[in-house]
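Take this structure, written in structure tokens, and hold onto it; I'll ask about it next.
The chains carry the letters A, B, C and D, assigned in the order they are written, with residues numbered from 1 in each.
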């Protein structure tokens, strides 16, 4: 460790925030760009599976709530891109990396939303898992990221409650609605567990991130916490977790549960999820078809500022 | 009249057919190209309002019948383009003239199909009016046109019966279905009457076409015949013709009826119908987006025939 | 055909459906953009516009249901009427087209909407005035935004200028309907509930003309107007397709709580 | 999740729905082209293909309803089930894309369809064999046509070649599902009703490989396969949108005669 590195680590260890102008290790910067960028991309791509049901929402109120949620997600994307930009990379660069497949977004968004209950389950489970990941990140060492997380967590927990409320209405509704709720849970349970990533017991990478307080908990800790929190909610809904091995372990004080199919996880990561192609091409088309708009807005802004200069 | 013109007229007067290789007056040729081309275009554009309901047809049988009908219409278009081609103009030229707005198609297709009953009403009224126009044209002087008409009329009367059958089911169905049937009749009655064109009492143009047996009856004759035939059908359905002035004229032995709003007719003809823009742009887009396909098919055919020649 | 207007409440119901159905259908159209806008800020702005419009729909159709007094609430009106009972202006029904056409449609609607709501603030019916007050704040923001965007795109590049000119040419024939009064409007004028639509045209043309000029676009000369949406006589073919999406769940699973 | 298969009739019902739902959904997709094909002959051919597929749907779902014995006829099955009860192969659900993708999808399906129907001619269930006989005549014509078109477009211009290669790359991951057998297939094999899907793969690859070679396109190497349509576990997001259109009228006006 160099002197700078030592000072940096001491600063982090003292729970002081790192700010954009501060010196930081190259790897710290690179890891953060990857992590924040991926998070931002997830917010953007995450609009698509939920957007899929806006035009089919069953009531005006549900439609309004879903619109507000999707709008929030775009807003989160914006905060996060801004946080990433303080590290010296532009939003357009990050976008190009998303569209070229160089950067990833959360694999959960490569699963389809097939019924209205999926909108409930996405809010409840997916946002639930996201919050579980994000709450500790409010204490992350990088200032702009930490502040973005504080803002985002507040809204996400609101989204999660709304999602659970949809599930409640379905689970307490007609036979068909109950079936829909259970079907959504069946399809989304394991993908939600995958959101915490594979076990990082032996990952050196994770250890470094934890030392830097970019990562606060291990994947397994968070997954356990999620299961422990969610199972009683499932029971309250009168639904069944699609895991026959699930049981309360008195000794551990936690639920035992089955691991998700990590083969599927890596398949989806590689591009072979049910919706990878459609999601990415939706974004690519939006970007390509929007080029004339971005060009025009830029051209108009230039003309306007030239006129202003001329007038001064 | 030149000697050729006299001989031509005598030939026509003797009810002999004119064939493509026969001498014919330039105006006869031009008028036929316009008339046959416009008729062909109408078959093509006519696919759109009906196609609008194929994906929403209420039963599998109705869907199959509608598909078969639309397929027939494309087939009619094909016969008619072939008939026009014998006059020395290519299908592509005719298509370009349609897409540029230089040539017209029947204005009726600029009205929307808004409910399933419209599909019934289009078959019953629009095909009914078309048959009324076309039956006499089976005796038209130009051979290829006459033969195309014979083929087409056979299928059209089948379509008309199917349309009437839809109306029957609706008119004898639930309250909502009855209302749909009446609403369709209300919207399509006058546009159907317009299909025969404005009164041609004083049109020199029409007189020449009649002498040439390109036109067999006056517009007013055909319109009267249509009304006389259709009113009892309306009554049988238990519906009401949206014309308070309609009444049986014992003396004439015909129904008296209100003229359609010819202002609207000319508006639609000028391009201001409810769907003109959408219809034409649907065809323009289909043509533009299909260019690569047509080019490729041509290129492949050339390669294949070159390979054949080389092999011989 | 338009329902015969036999009493003041019938006319008021029609008027409220006209307001609520237009915001509902336009809100639906705008929401189709979700996740597909040219730039993130526009995704946010479009979702926000759609959200406001759906919120206004709840108010207008909610009041319509009350006035009708047959137990239909805003949801029942939105999800269980067929197209012929809708009273949406045709302008709100046309497909989004490219982003330019969507924003031009928004601007042409916002301009009318803001002027109309401005008059409704003085409605003799306090319920109407209250909704107008809430809505007009939102709509003045919509107008500011759509006008700015129309200016930027009209005045941007050669391509954007051409696209905006095309959009305007396509949409203009749908504008006239907003100003064509009928018996319902006359009843509303008489009751002091709403203004005569025709009386707003001059202000509209001035406003739209000013923005279009800034956008280096010409106000079209034609006054031809498609009609049939506000009175339900003849909607576009597009409305039926919108409803298949919008209403499917409620139609497939009737009587559920969501 | 797939309905638990408890008896032979349950499996037969599932099998018949797989046949009928795939023809129904593909027929729907093909019919979306109506009036928009690149050339008139293709408009006719596409309408004809859709028509055949809908006709086959009537037979398969009609028999499914009989076998089920709960009073559901082909229309009830087509128009009143939600997506999760559909058993359409995912390949049939994907959007049309351009004409090239539509024809490539058609070819990939036709090749499977013709081989599969060929085996069904010898089904132990005469009703199945009879439907297969009628359908296989139609499908051999479909295959001839779609194969010719794939060859022409693959071997046409540089642009058409690239588009067809893209189409193939997009569609190939949806092919594998057609050959993935499960308990329903096993029950059908045992009853002599239908062949083991996996047993058709070699013939399929040979047929498709031969045509693609003529089309100057390479048979993709990846064997990754999307699954979940034939067993209903996880359809594409597209199916739900198809159903909003397909089923709207029956949902909005239940119990009517049309």
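Everything below uses one rule, namely that contacts are C-beta pairs under 8 Å (C-beta built on N, C-alpha and C of every residue); 3 or more make two chains touch, one makes a residue touch a chain.
For reference, the UniProt names are C, D = Phenylacetate-CoA oxygenase subunit PaaI.
Computed from a prediction, not measured in an experiment: that's the story for all the values here.
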{"item": "Partner chains that chain C and chain D have in common", "value": "A, B"}
{"item": "Between A-C and B-C, the pair with more C-beta contacts", "value": "A-C"}
{"item": "Chain at maximum distance from chain A, centres defined as averaged CA atoms", "value": "B"}
{"item": "Centre-to-centre distance between chain D and chain A (centres being mean Cα positions), rounded to whole Å", "value": "36"}
{"item": "Distance between the centres, which are taken as Cα means, of chain B and chain A, whole angstrom", "value": "57"}
{"item": "In chain A, residues with contacts to at least two other chains", "value": "56, 176"}
{"item": "Junction residues of chain D - those touching two or more other chains", "value": "82, 244-245, 248"}
{"item": "Graph class of chain-chain contacts, one of line, ring, star, complete, other", "value": "other"}
{"item": "Contact pairs between chains, per stated definition", "value": "A-C, A-D, B-C, B-D, C-D"}
{"item": "Residues of chain D defined as touching chain C within the complex", "value": "82, 241, 243-245, 247-248, 251-252"}
{"item": "Chain C partner contacts - residues on chain A that touch it in the complex", "value": "44-45, 47-48, 50-51, 54-64, 67-68, 70-71, 74-75, 77-78, 81, 91, 116, 166, 169-170, 173-174, 176-177, 282-283, 285-287, 289-301, 303"}
{"item": "In the complex with chain B, residue positions of chain C that touch it", "value": "1, 82-84, 170, 173, 224, 226, 228, 233-237, 239-240, 244"}
{"item": "Chain C - residues contacting chain A, complex", "value": "24, 28, 31-32, 34-44, 47-48, 50-51, 54-55, 57-58, 61, 74-75, 78-79, 98-100, 151-153, 155-157, 159-160, 163, 245-246, 248-250, 253, 255-258"}
{"item": "Complex contact set, residues of chain B against chain C", "value": "49, 52, 56, 112-115, 176, 183, 186-187, 267, 272, 274-275, 277-278"}
